[in-house]
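Each structure below appears as structure tokens.
Shared between the two complexes below is subunit A, which has subunit B as its partner in the first and subunit C in the second.
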Partner chain A sequence: MRRRDETLAVDQIVRRISIAAGRLALGGLILLLCSVAIFPFYWMVVTSIRPSAQLFEFPPKLLPSADSVFSPYVTLFETSGLGRWLLNSAAVSLTTGLVATFFGAMAAYALSRFRFRGRRTSEMMLLLTQMFPAILLALPMYVVFARLNLLDSLAGLTLAYLAFLIPVAAALLKAFFDAIPVELEEASLIDGASRLGTLFRITLPLSLPGLASTYMFCFIISWDEFLFARMFIRQPENWTVSLGLASFKGEFVTPWDQVMAAAAIVTLPAALIFLALQSYLVRGLTAGGVKG
Partner chain B sequence: MPKSDYADSQDRWLPAVMLWPMLGAIAVLVIAPLLWGLRISFTDSKMIGLGFNIALTLKNYNAVLTDPDTWNAIYVTVIFSLGTVIGSVTLGMTAAIVLDREFIGRGIARMLIILPWAVPHVVAALVWQWMYNPDFGVVNYALALAPFFGETPKWLSDPDFALLAIIIVNVWKTYPFAALVLLAGLQTISDDLYEAAAIDGASPVRRFFDITLPGLRRVMAIVVLLLLIWSFGNFVFIFLMTQGGPAGATNALVVHIYFEAFRFFRAGSAFAMGALLLGMSIVLTLIYIAVTREPEHA
Partner chain C sequence: MATALLEKVTKRFPDHLAVDQIDLNIAEGEFLVLVGPSGCGKSTTLRMIAGLERATSGNIWIGNELVNLVSPRDRDIAMVFQNYALYPHMTVLGNLSYALRLRGVRLVEIERRVKQAAAALDLSELLRRRPAQLSGGQRQRVALGRAIIRQPKLFLMDEPLSNLDAKLRVQTRAEITRLQREIGVTTIYVTHDQTEAMTMGSQIVVMNEGRIQQVDAPRQLYHHPANTFVAQFVGTPPMNLLNCHIDLDGGMLRGDGVRVSFPVPLLTALASASTDRPLLVGFRPEDAALLNGSSECEFEGSVIAAEELGHETLVTLENGEQRFIVRLAPALADRAQLGDRVLFAVDPEKLRFFDTQTGAAISVFDISDQLSHFRETRP
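Up next, the complex of A and B:
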């Protein structure tokens, strides 16, 4: 009897140890994954506030220096075009988001609610345009835009972004409209409201979260975009943040503290929007297969 | 898909009015330039002349297909994409399995793990380039601390390590997407299956291969294909970090095409290579459509 108790006790200890070991391993894995994910961010910030004299030291100090400086965050606006680039990017991204969401919503509603000839073809085109590598659009578009005198202008860049973001917005919003029950619209139609009246009074208000998310998604894609900007824009006063950031990289010596400060400033709005969007994005991306 | 039985007189013209702006935009801004580009690929246009009256020729395709640089670019593109997929799915799957468990601070861990997805591409390229710095970079500092590690590599300027270095950056940037989608997939697998398997005495490894992986088949296919398609088109990382070098080690097709057009001003052959890339993307897209459409017919 006592023997059995003892083996039971040993069993229990073994089991407790293995559970504890499992927890420890899980905890270690979580820590590891989190540090892999955020270390580059940490390093960006630490570098940005390090006195430039200490940048080229080996071994690098992992912790922020005691005499950290925050001046890059101020001087950047005075010595570089960062302020201008931020304004340019904001203008392009806000406009692109607005126009893409508007036309995308119209197309999405038509695709979601009506049956008509060519619907499947339209959907297919929508998907195909998103799947092409950007350079395949950028290169011929460059030729066309050169003819139309749209190069080196923010309006031209906005137009180029719309070419691939309207389909993206339509795909995201179609998934959203599909999820809104038609019965709500039917009730309104039976009451004698017109289709458009129903759309504006019932469907669109219900889709506000979807519209807002789509808007923000188009905003960050435009904010992030580099290839089109690089090809279409020449003069520094027309640069977007991507171009401006890339230009910091010097031929011989790169002022990494300033680069990292600028990078942090550019990351902040995109990252905040992104975190707000994440759950919605997973649904939209896998449903419509959207560019990320 | 919802279909209303109630119609309105506006329904006759409304769909067309709602659709044409998008279809028009696609036709004018996407299809037309694409066709024009295809036309240019059969001429020896220098990007500036671009007349329609240039004679048609297969010269570009001939030159491009016999050029070892093209095949190197295709090779680099394939390795880059496959490397990204393998790394991203492995890391993403690990993160998804961890995040599927309950633990204190799961929300915060989830947020931290997906942060790389939120960072702009240019920022990621710059930060990693700084971290890869062969003399003062934190990556080589970490490697020097590790035992059994001889000389630290020069990463982006070493032909043997440059592509690996960029794949690592791309994995870091894309694995949160894989993690979130796979996590959503994991949560659709019924707990009953796991309980039944546990009662039958199946080991956790067995359960992973017999229940988890089959349950994720479709989601996994979507993740793999999207990652492949995105990696195929990735321009920023390579362009900013290595410019396709050293010695062509990272010269992926997209970068190769860009330089062909903008450094060497050979529009004809740039578009001919574009047509190759187009062909590969269409194949991937068709597979993607086949995979995502599957359940509708089932």
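Up next, the complex of A and C:
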């Protein structure tokens, strides 16, 4: 009897150890993946505060040096137009995100809920717009924008981004609307709301996670965009941050500490937007509405 | 409270005809049940009354108003959905008061009505919860509450019990019936479950393949089905239907396991009503009794299955190609063992006749008078 108890106890200990080992291994793996993802950002920040003399030391030091300097950050704002470029980018990206999400939502709702001739074709067209290489469209767009006097203006650039992002937003949001049971809207229609009232009271609140992630997607794409900005914008005071960053690469010298400092500053807004919206990204908001 | 009227209402979807020219008259305060197998058009009919689906042709009246082109929100109806369709981002309170808020009802009035509805449905403790935090039965009650709080002209219910477990279903069935009687609102209720239809409806509409098969009160539907579809759809187990032919010379109906002596005038009437000589004779499983000796109306078969249900035993019998089921008291079940050949008698007045080809019931003039006359004159 006692022996059996002992084997049972041993069994239990072995099981506990194996569970602990499994967790440890999983934790290690997650840590490894995270560090791979985070390392470039870490390196960016560390490089930006390293004194210029130590920048190309070999072997490279992983830890920030004792005599770290923050002067590149100050110099950046004093000597370059970074502040201006940040504002430009913010204006373009915030507007693009907002407008693309709004019109995308309208289009997605129609595609998801109404049956009309050409619905499937329109849906295919949304995807088709994504199949062209951007450079193929850039040239004709340049010609059209030149005629319309939209070159070298932030409004023009926003328009160009919208042309690309509204279809993406519509396709993304359609999937979210499709997941909302149509009975909820029917119940609302019977309860006395109009179609539009139902959209704003029922459908949109329930698709907040979708709206948030769509907005974020559009924001980040237009924040990072380089090709169109390069082609359409001339004057340095109209540059967006991606153009600004590229301009640091000089013909003879590249101030790497400043480039890294600027990159760190540029990355920040995208990270902030993500943090602000991430609580909406949690799914499961519609749980419990239908079915038992 | 209102009446509702459907005139030649048809709904054609691109690929099929869902509802085919139905006429329906719903009286004030009535509890009308639409019942039929899935795909019979009952839900589509309900959705057309709600305005969620537009009729391809025909007219729909609610009260004295032609509502064909009226939007759902202006029809003054309330609907309970199969999956409840509670708004997940609102609390129970928000769900209950949604329709009233949309209509701009005064806050004091909203509060009063919410309290009243919550009390009636035992929801008072749950007003601050969200649908995700409720059990299936509670969600069901919120869905009902959302309907009754409106005091609408019509209640529409689309299989509201099918997501509940069996015990809760029976309980809620009674609750809905009680509620409807108390409020007295005209109700149209859709179900595929004939037990639900029989227990709840004051009038039952049996539908199949987009057409109305019969409209009647439950008892009438059960005892006088209009055709073989209704006979087999209503009742568990369904009505037995056996093939037989008319033997005018012998004064009998004969078939595999069927021997029914009938007065000649009755047989002649049957023969002329039926387009061809063979016809279907039907009886309910509980109308057959074990027979010692002989009877004017005999059914015979060998037992192929016996299902013990406790309060009764269902015995399935076979004779040639034909099968029928009888319901026996447990005490008598021993007399019908597997493989036994057993004889049953059925009261001739309980027999129903159907045309083999069309399936329509053959109503013979005053069968009981004929029979009593026949019995008196028989030696």
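Here is the rule we use: the second predicted complex is superposed on the first by the 227 of 292 C-alpha atoms of A that agree within 3 Å, B and C clash if a C-alpha of one lies under 4 Å from a C-alpha of the other, contacts with A are read in each partner's own complex, and residues count from 1 in each chain.
Basically, contacts are C-beta pairs under 8 Å (C-beta built on N, C-alpha and C of every residue); 3 or more make two chains touch, one makes a residue touch a chain.
Bear in mind that the values here come from a model prediction, so they are computed numbers and not experimental data.
Participant: Answer with first, second, both or neither: which of subunit B and subunit C does A:A110 touch in the superposed model?
Facilitator: A:A110: touches subunit B, not subunit C.
Participant: Looking at A:S194, would you say it contacts subunit B, subunit C, both, or neither? Reply first, second, both or neither.
Facilitator: After superposition on chain A, A:S194 lies in contact with both partners, subunit B and subunit C.
Participant: Who touches more of subunit A, subunit B or subunit C?
Facilitator: Between subunit B and subunit C, the winner on subunit A residue contacts is B.
Participant: In the overlay, answer first, second, both or neither for which of subunit B and subunit C A:L184 touches.
Facilitator: Only subunit C is touched by A:L184; subunit B is not.
Participant: Is A:I202 touching the first partner subunit B, the second partner subunit C, both, or neither of them?
Facilitator: Only subunit C is touched by A:I202; subunit B is not.
Participant: Examine A:M216 and indicate which partner it touches, taking first as subunit B and second as subunit C; both and neither are also allowed.
Facilitator: After superposition on chain A, A:M216 lies in contact with neither partner.
Participant: Could you look at A:M231 and tell me whether it touches subunit B, subunit C, both or neither (first, second, both, neither)?
Facilitator: After superposing on A, A:M231 lies in contact with subunit B but is clear of subunit C.
Participant: Could you say whether A:M125 touches subunit B, subunit C, both of them, or neither, answering first, second, both or neither?
Facilitator: In the superposition, A:M125 touches subunit B alone.
Participant: Overlap of the subunit B and subunit C footprints on subunit A, residue-wise?
Facilitator: On subunit A, the residues that contact subunit B in one structure and subunit C in the other are 181, 186, 189-190, 194, 285-286, 289, 291-292.
Participant: Which residues of subunit A touch subunit C in their complex?
Facilitator: 181, 183-184, 186-194, 197, 202, 205-206, 285-292
Participant: Which residues, counting only subunit C, touch subunit A once they are in their complex?
Facilitator: 50-52, 71-73, 75, 77-79, 81, 83-89, 98-99, 102-103, 130-134, 136, 139-140, 146, 150, 163-164
Participant: Residues of subunit B touching subunit A in their complex?
Facilitator: Against subunit A, the touching part of subunit B is residues 1-11, 14-19, 21-23, 25-26, 29-30, 32-34, 36-37, 40, 47, 50, 91, 94-95, 98, 101, 103, 109, 111-131, 135-138, 141, 144, 172, 176-177, 180-181, 184, 219, 222, 226, 229-230, 232-233, 235-236, 239-240, 254, 257-258, 261-262, 267, 270-271, 274, 277-278, 281-282, 284-285, 288-289, 292.
Participant: Quick one: in the complex, what on subunit A touches subunit B?
Facilitator: 26-27, 29-30, 33-34, 36-38, 40-41, 43-44, 47, 55-60, 62, 103-104, 106-107, 109-116, 122, 124-129, 131-137, 139-141, 143-144, 147, 159-160, 162-164, 166-167, 170, 178, 180-182, 185-186, 189-190, 194-196, 198, 223-224, 226-227, 230-231, 241-242, 245-246, 248-249, 254, 256, 259-260, 263, 266-267, 270-271, 274-275, 278, 281-283, 285-286, 289, 291-292
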